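Below is one structure, written out as structure tokens; comments come after it.
Order of writing sets the chain letters: A, B and C. Residues in each chain are counted from 1.
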């Protein structure tokens, strides 16, 4: 079932009434979530991603705009009547119920065509438990489980009634690194198997990129860019998106366009035909550097980190906005760690130019 | 840190409390227990009176064997068993209802707390007035001047009037009035505690219940009540302790007769019995009765704790 | 999971919307109706007390009764005041209440301070022993205290109403917890500056614990106002009688053909101060009560 968000806006009144300031948590969000896809809502804290999720769930009411499930307008419909599954950030497992009782709980509320017999419920519960590999934990209480186990129970509870829409709020934030990796693969697998339209919220770009069919990057309530993860990474529409996606993060330089060329410092690093002369921000992905003794970009070498497959070169440049310039090149390239200076050529498709004031992308015309 | 100067100073700060506690708390414990187990011993007579007392449980057997004791025990237990569940369930429903509304919540909360700040004797007199029938009831042809407002309301709805508390009234009618008054009196504290408990339950459980399309009654029985069980245990235990010490509310409604005019003492309680013994200079009996009361409260509290521990661990 | 991949049925949005539109207001209306009915029941005795106290005896005896007095008769209050000699009772109770509150506060503050800040041998043990006595019903103490005060010759005096109840373990416990929340650094800093313990207690700890002290004061005053059993036992003479006993004594008959308007006026007069305290200091009462579980 597709989900349509139309001009969705949420304004929180100010806590301090005298100040009278309102907080626009979500501003005019327009998006159609395609049926059966996994969508990652991504952004730093306070960007409105969770608010958007809670508006889809019905736990929060939009200030204006509409939400459709399929063709039905559900904007005014309360959560109980939307038939969704939701995994809370802190799981919200009922502490007095066992894992089994927690998973059975949503089934016992089903009515009408979905109503089940006790036997069917148990079967369903065990199937869901199997899916997230917690069958052995069915008789424990949530307090006796680790964070990762609780999280799987929460997913099982959200999944067990096979909702039309599954929503996940920072579902991996409480897990350790290894478990996080493992669980996000599981979520992806389960979603693919069940083909439930899934929206999940995270501040971790790597997480979102790795499992989403599409990502939505948000900042201060405003959608910055929507697209397939690789597309957004390869072609960020503004400096914020460029900076937010990618590890290690993108390198940003002060630059200038002068008579069709991009200058970083004194060096002309790229041809930029058709762009007016102006000061700009230049973003270069770490993998956008080519080690080249005759390259135009001269940096002062700090150190070289060998990471097996790749080599990470840490250097400095006066025009860099980050304290360090970090580039990743193939390990086949040999570099003497004792040299003072290192020179790079740039890959044009990994180099992005942004307007100095609006920070919007300035595209270089393809030849 | 602990030098002798500090030690000395600490005891100066403690001195007034210690002296008073020794006199009015520690000595009474020792003395009351001794009086209970010493036959013929009395705090009043010990100064110059008889010295022929001996160790024994005679005080206990005499108290337990007395018909007044059985009546008082029955009254007290009945009051507890009736008022604690009724007031707890009512308080729970009111607290849940209060917690689910926004407009008028504060105002209603204040109204429900009002009975707390009352004088048991004074408001007991108001309840007596509401249930009282004016006229000659006991005679063959009763002449009723006023049925009392409660009977008037019953008659308005087509029911028969009841002789609630007047001379010739029945035991169950007396008991009904007491239960109504004690429940009315017990509600504010319970509502206050339960509402505080409800407000400290994580809202996410209710959001999760909404996501799961949980019907209202199921939210109440499967989520609210279990999560509130520590608070419920607290109000039930304090309710039982208070119930076993019931005395003034009965004195408020029936006066010091502790019963309707034709059967004084019929509504007496354990505490009332202790004071009666005291006024009759039967210190040993009073002590024994007090110890029995203490024992009952202790046992009931332990049972409550045990049950609630079995039911609330999560 | 292949077989059960079939997701749940799409909720019928139109039906659900309609049901929501009808059920929501009905449910909320039901909640308010329940609360209003319960509130009416809770308030009814107060309402009945006030309107009865304003009726004439003849009107009071009407059956069915009037729910608002036809003629408002304030003379009931004057009569109640003289019948029960409420003036004297008010004075006695206020005197006992004030003196016992002040002394009790002082003792509570000193004791709580010693338990919270000073070091001495057996501190934990002593405190645990004190807490244990809270389990024992008061009647157990009363029996011996009765003979103690008789042998002291305290019967029918203010002393007997004040002294035996000056120490309250519960108040000490409450205040100690409050004192413990005040950071120890403040105390050590004061020691470095050469501030004496006593000065520190009065200048820092007491002001910081004011809300708790106010709660204690109110509960203690209410306790004096509502005390009934002990005063009846030891000071039921004209000169020292407390308000609740005075009220009960003046109107011994609760049933039968009693002059209820006057009696209700007396009850209203006795209840009024409690209401005033409640109206202005509700916050302190409620916070004290929710921690105590004991009345008064």
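Here is the rule we go by: a residue touches a chain if its C-beta (ideal position, glycine included) is under 8 Å from a C-beta of that chain, and two chains touch if they have at least 3 such contacts.
Only a predicted model underlies this, so the values are computations on that prediction, with no experimental measurement involved.
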Chain contact graph, described as a line, ring, star, complete graph or other shape: complete
Pair with more cross-chain C-beta pairs in contact, given A-B and B-C: B-C
Chain centre separation (subunit A, subunit C; CA means) in Å: 57
Chain centre separation in whole Å, for subunit B relative to subunit A (CA means): 60
Gap in Å, rounded to a whole number, between the CA centres of subunit C and subunit B: 15
Per-residue overlap in subunit C, given as positions that touch at least 2 other chains: none
Shared-contact residues (touching 2 or more other chains) in subunit A: 78, 81, 83, 110, 161
Residue numbers on subunit B that touch subunit A, as the complex places them: 202, 204-205, 207-208, 210-215, 218, 222-223, 226-227, 229, 312, 314
In the complex with subunit A, residue positions of subunit C that touch it: 1, 4-11, 13-14, 16-17, 19-20, 24
Subunit B partner contacts - residues on subunit C that touch it in the complex: 27-28, 31-32, 34-35, 38-39, 41-46, 48-49, 52, 60-65, 106-107, 110-111, 113-114, 118-121, 123, 130, 133, 135-148, 150-151, 163-167, 172, 197, 222, 225-226, 228-229, 233, 244, 247-248, 251-258, 260, 263-264, 267, 270-271, 274-275, 277-278, 282, 285-286, 289-290, 293-295
For the subunit A and subunit B complex, residues of the former touching the latter: 57-59, 78-81, 83-86, 88, 90, 92, 94-97, 105-106, 108-110, 141, 143, 157-158, 161
Residues of subunit B touching subunit C in the complex: 1-2, 6-7, 9-11, 13-14, 16-17, 20-21, 23-25, 27-29, 31-32, 35, 42-44, 47, 90, 93-94, 97-98, 100-101, 104, 108, 110-130, 132, 134-135, 144-147, 149, 152, 155-156, 165-167, 184, 187, 189, 192-193, 196, 216, 234, 238, 241-242, 244-245, 247-248, 251-256, 260-261, 271, 274-275, 278-279, 283, 286-287, 290-291, 293-294, 297-298, 301
